[in-house]
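The following pair of complexes shares a single chain, chain A, combined with chain B in the former and chain C in the latter.
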Partner chain A sequence: MSRWRYFFKRLVLMVPVLFLVMTLIFVALRMGPLDPVAAILGPEGTGGDAQAIRESLGLDQPLWQQYVEFIIGLLTFNFGQSWVIQPGRTVTELVGIYGPRTLWLGFWSILLPLFVGIPLGFYAGLNPNSWGDYVASFGGIVWLAMPNFWLAIMLLAVLRQTAGGAGPLGFDWYTFGPNVESLIGTPPLDFLGTTWGSLGPLPIPTGFDPDLGELLVAIKVILPPALVLGSASMAAELRIGRTAFLETINSNYVETARAKGLSGRVIVWKHVFRNALIPLVPIITNEAILLIGGSVIVETIFGINGLGALFFNAAVQADLPLAGALIFIFTIITIGLNIVQDLLYTILDPRVGYDQQ
Partner chain B sequence: MSYDYDDDRTLRERIEANPRPALVWLAGLAVLLALELGRVARAIVYIGSLTRGFLGGAAGVPGTVADNVAGSLGGAAGIVGAAITALLLLAVAAVLIKWLFVPVSLVNRLGLDTGEGRDEIIERGLITVALAVVAALVVFTPVGAALEAAIGWLTDALESAGTIQTLTQRDTIPNQGYRTPGGGWEGTFLGLSPAVAWAIRVFVIYAYSFVVAAWLWKGYEVFREHYREADWTPRDDSINRFRTHYWGIFGLAMVFAFVVMAIFAPSLGPVTAEANLYSPYEYEFQYLEGGELQTVTQGDANLASRSQGGSDNVGPLSYDQYDRWHPAGTNQDGKDLFTFLMYGARTSLVIGLTSIGLATAIASALSMITAYYKGLVDVLTVVASDTIISIPAFLLILLLNVLFAEADHPIMDIYNGGFLLALILAGVYWPGLWRSIRGPSLQVASEEWVDAAKSYGQSPGMTMRKHMSPYILTYIMIYASLMLGAVIIVTAALSFLGLGISPPTPEWGRAVSEGRQYISGSSWHISTIPGIMIVFVVTGFNALGDGIRDAIDPESEAGDASADAAATGGGA
Partner chain C sequence: MAVEQTAERTGTREEPIVTVRNLQTAFFTDKEVIRAVDGVNFEIVPGETVGIVGESGSGKSVTARSIMGLVDSPGRILEGSSVRFHHTDTVREFADRFPGRTVDLAAVAEGRDPEALFAHDAVGATPSAFGYDDASEASVADFVAAGYGEALGIDPEDCVFITEGTVDDPLDGFVEITRLSGESQRAMRGGRIAMVFQDPLTSLNPVYTVGNQIEEALELHRDLSGREATREAIDLLEAVGIPDARRRVNEYPHQFSGGMRQRAVIAMALACDPEVLICDEPTTALDVTIQAQILELLADLQTDRDLGIMFITHDMGVIADVSDRVNVMYAGEVVESAAVEPLFAQPRHPYTRGLLESIPGRQEGGRLQTIEGTVPTPNEPATYCRFAPRCPERFEPCDEVHPVSVPVNDEDGDHTAACLLYPEDEPREAAVSSHEARDDSVREQGGERR
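Let's look at the complex of A and B:
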């Protein structure tokens, strides 16, 4: 099978997967154990109210009709309105408000591990079986085993201890760089100073007035949660990076390059580094998928009003349309990332499709 | 490396030919079990009552069907429905019994050989008929009453055996006592201080468990040396590789420590969970105050031994003001944290084993079926597993859990929501397991020996069980071990968020959550210690998985993306 055929086969398979996901959400929310009306009114809802809500939500229609409407709603990104958390606001509106904060968090929690995990992994691979390698590898394994929720509150406790210069060498996280009042909270994201115009229904930026101070605050506030959220990926990148580096450096073409008389520096940077990056591609995309699940916990603990926290509140308060729509959006992102991963693989590694079925 | 092709004696005949090593080993095992006779008897009674409840439930099904059908279709149809249901239940039971207990082929014994793969069906039919006869005897004749009497007598005997004191029981080495005015201790083991008595008991429990584990291993070695058909099998090499894999052994040790914690939770804590965690106001104890003995309930004492930062603190390895020993300090309610942690280990292990056991069963069955038949089954499984994998696992688990909890579904009552959580986890994690063993199963399905079995006329089910499953099961162990770590993290994360296992059943994540606000002060231990335990246990499972992988397949890659993603529990 050619690699492009393999890629397109995967692409086509995504269609039934998408439909099954939507069906699954429908079954869980409409036919599941929880009655949507009871979720809105609570168990004490009276008969008349319940009937009115049932009609207004279209729950008195036959199930297949509800299903068709539900699917069409999801496919046209018309998710309906929130029931409990912010009644009357559409889900799209809420995503527009909460989404950027999660994106900002996700951006940094992918970036941080990239610049810590991969160099450490390559360092360990460059000096295999040295003390530095052992420390890095063992640290990576323990780091991987740490639950994010525990790591988050530990990190918060440590940073809180540094208040008033109590940290080592008088370090104080609160006054380090830009001042912050609190460790937790939503980062200010208006540092671009964007003014918005509109082009039909789409908002478009019309002007920028960047504010460097605001940007630094935004980065500083996001760093601890990003460190926690990226912790698992950091460890994974370290392990895979080390293995990939070792495998590449022991391969025949590196041997050839060495026999040719190339200097160690050229071999490492030109022949080893680039090829060792290939196995890291799925790690980085997988990492983005992990971030979605992890954002629930990290945003809840760090008090960031992002999509993860929104999902958690929606789920706990039984705001079913909101929770269902968010999980659908997250699934679309996951599927998209998987396609990107397959695409990158197809381009980068000619062996895919022959080896891996 | 020899194999005697003419030697086809069974294991029993081999043991009869050379009984000495087997008898020595059995005698050792009997001594070890005798030390714990009471506990073993209690376990048997417990399992017996569970089985009885299950059988009773199953026996009620035909009656329920009869009522329902009779309600809509009339009495005769009800009886037919009940009969059909009963027959179906018996057939399912027959499959299980054949698989577990009937080693010989009845078809061959009775000379009913028809060939063409119909043997198995006839075989199961025969067992079903036998079961139906037995069931009819029990239900409609006095045999049932006699059986009932026999079971009652056996239960009584076991229950009285259950009261025998065992080596690892709390009462053997008691640590709860009070200070005497003279300066010594009353009521503790040999009058030692509670701390020392507790430490001795923990040591004895771990020593006993280690000896049992070592003796079981010895049993395998005796079997291998004296009674196994082949001198050498590929598995011996794997085991030898594992023996020198120190990282894997470290993992095994961690997992062993964790499992012992879960099994011996009631004995390991300085108090029992019943007395200190669940109903503290129903249990009293004595302590010395101002030279006089006072009596106080556990609950009242807990109020005064709370750890809430500042001066209200009972830290790790310390006594509270009632001279109660707290190896890991107390929590914010004054309850003993160590006892909480031991029972929490039990919760984690039960949920982990149930969910991963189920997921492993689904994944290995599907992997064999898809690898054997390929085609449409394969595509359907790919689509189903891709569907579940593309929904972020943690969010899906959270949402499903909330749906059942909000609706007050009766399933939430089983094990305080633990059973539901295990089912959800199994449903969410089987696709990952299936995917990780897909490569090996496709590989084994194309091996010559599978082809040979096919052309030999062996039924597909038999081929999968006998020729494919041994290979696949060793592989699935790697990922099951990694996933167990993930399940522990996810369970803890859910209870950290206030979902999953509801109070009062102890769960590590809840302790982390409850201690959060005191973490910067003197009561740092409430959140810190459970977190460290999670890290150790999860590292242990990961290391064990690494060790098994290197032992099975030394040339495999040191890590792959799906395994690492699994080990982190979906970002929790």
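Let's look at the complex of A and C:
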């Protein structure tokens, strides 16, 4: 099957991309303006102290040797220790603490547009120039036009006003569903009740004790920031979804399907839906990449200590191993999502990888 | 009366399976009402091909789509239009599947006097509007066809009419296609009347195999599924001349060439063994050698299956090749109708003559003739000849009198043209005033003609 060969080819092509990225990270960190020795030492160090730190960090070795060690470190997920932010803790440990929060936020901010934006877009495309279409399309443009930071602050202001049942119809966000004490803050993520064992260097979960109440709190806390973070992609997916649906529904093969006597439901779900999804695949995966990387502002406003905030601090404070490792992790996520995109394409569209030979 | 009508149809020529009477389809926009099809009459006969020819914008495709029930909002078929499907097996099946929607016309006619029906308040028609000299010649079916059924309390929502026999044992009757909706419409579409579209490159869904798309029709109309359906799909692909059908059935449309795709589309249309095949410019997007192959295939399939074919094209050469009878359309109306030989030998309507003169290679030397101008958008009721502005033989009344179809003097009795020049043996003034009188009576028939 040529489709799957195409997919495999794409998979193999990711390897040089990965090496290129690792090299660029190394170059940027070692040759960039950041000086970790100065950052660790502060303004009062002596030349001898500086030399000692340089030696302990391995910065006195030849560059090629540093490069090889760096690459091996990345590939074995042995990122070393943080130099500045939390000296003495390994990067893996820090990512283990900060990562799930960002993933939780990213997950919901992808899910919301996926299950709100696309259905609305499809509805608008199925009923073009109806009132529903106008409301959805206009709402999409307004939603898209509101910048994240502004929307975040407005949402916080509105939700804050509902404290003590002051909202419309006595609505109170704080007591709506599970109680929460604050609008901002890091969501509690121990709802799975996971107990950890270890398999060599990698921690693996050995048992779960899910707590539904905790889960609801975690969802409730993440909803406002996820809504803000996902708003732009929700609007984009709505608009692209509308166009895709409209275009497909007016295509000749849908006409043929109607002439065959198929019912409207079969036509929409079998003939229209799958074709309309094809242009949406890159939109969804690209949004996902942006959401995982670009959440610094929203994390800051909502007081969530996630990877975005961690990376920002690491870069500003010249914590080279931490910053480098985070870039590497973002790269892996990006490459992974690209593979998911290729996989979706391969499944959805039989024309993928077909060249007339 | 209904019985008489049936008796009338049993002639030597095979009876039509589809009769289109006064078909009017209009598109309602904020600005205007576009009468894409404006009072078209013709028949489709089993085993014969009726050609519809005309320039772009003459209403050919909308006619086809009206028969298929594929006219989308803001367009709709106006009251007073009638497309009847005469096929006893279908009537029997539909009477069985949709019992509440069946009308026994003989029973309804019982105790109803057509003269009294003309006098009914809701009826604004006269006997001459139905083409009769005397009120007693009209049948209840005529009133139903003209859209008065509901007002007369005969058919609130019905679609199947029995003209002979009873509801439980229908011997003859017809399905009124313009009144179908929902499930009954889908059963007719694809199951009884199938359609082949213009562009084979885009009329197959790119993400499903050709076999899947044929099997889907088989499952819907013939209750075949799984292996059985696949075997049938392979047989169909072989029947339309696709080599190595066993392998091809699992391939995607993009792996087929243009001609092969059109064959696959034809196989799909034939999947449910339809009585009538509507071909909307099926060869326009193909190159000439492939075009010839597809036309030959259609001719073979027609002989094998006794198909009634309605063939739409703007290519006079193709129409001469495939048709038994030709209807020339202009701005939503049929302007000339004849068997194929007399039409090409003695075209009567100035428009038909113009079309024939603009075929390359038919004139001796000199430049290729063209018809100046373009087809007007029919956005108002015709009170004049719509071809007059482009007509070389135009004379004064053309701007004031709307011509109706009249027989032209020909050995072929079925040759008609809608032009004030005819009938030729009458003096001009008499011909014009007879057109005027008959057009008025058609208008009087009411319905939604506005």
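The rule is short, and it goes like this: the second predicted complex is superposed on the first by the 322 of 357 C-alpha atoms of A that agree within 3 Å, B and C clash if a C-alpha of one lies under 4 Å from a C-alpha of the other, contacts with A are read in each partner's own complex, and residues count from 1 in each chain.
Assume a contact is a pair of C-beta atoms (placed from the backbone, for glycine too) under 8 Å apart; a residue touches a chain by one contact, two chains touch by 3 or more.
Just so we're clear, the structure is a prediction, and the values are computed from it rather than from any experiment.
Superposition of the two structures on chain A leaves chain B and chain C fitting side by side, clash-free. Looking at the shared chain after the overlay, A:Asn148 reaches chain B, while chain C stays out of its contact range. Once chain A of one complex is fitted onto chain A of the other, the partner contacts of A:Val21 are limited to chain B, with no touch recorded for chain C.
Touch criterion met: A:Arg258 reaches chain C, while chain B stays clear of it. In the superposition on chain A, A:Gly48 contacts neither chain B nor chain C.
When both complexes are overlaid on chain A, the residue A:Leu290 reaches chain B alone and has no touch with chain C. In the superposition on chain A, contact of A:Arg274 is made with chain C only, not with chain B. One of chain B and chain C touches more residues of chain A, and that partner is B. Of the two partner chains placed by superposition, only chain C is touched by A:Leu348; chain B is not.
Note on the superposed arrangement: chain B and chain C approach each other to a least C-alpha distance of 16 Å. In the superposition on chain A, no residue of chain A contacts both chain B and chain C. The touching residues of chain A, counted against chain B in their complex, run 13-14, 16-17, 20-21, 24, 28-29, 32-35, 38-39, 141-142, 144-150, 153-154, 156-157, 160-161, 229, 232, 235-236, 239-240, 242-243, 247, 282-283, 286, 289-297, 300, 311-312, 315-316, 318, 323, 326-327, 330-331, 334-335, 338, 356-357. Chain contact summary for the complex, chain B toward chain A: residues 382-384, 386-387, 390-396, 398-400, 402-404, 406-407, 409, 438-439, 442, 485, 489, 492-493, 496-499, 509, 512-513, 516, 519-520, 524, 527-528, 530-531, 534-536, 538-539, 542-543, 557-562, 564-565, 567-572. Considering their complex, residues 251-253, 255-263, 266, 270-271, 274-275, 278, 348-351, 354 of chain A touch chain C. Contact residues on chain C toward chain A in their complex (touch as defined above): 68, 70, 186-191, 194-195, 197, 199, 202-208, 216-217, 220-221, 252, 254-255, 265, 268-269, 272.
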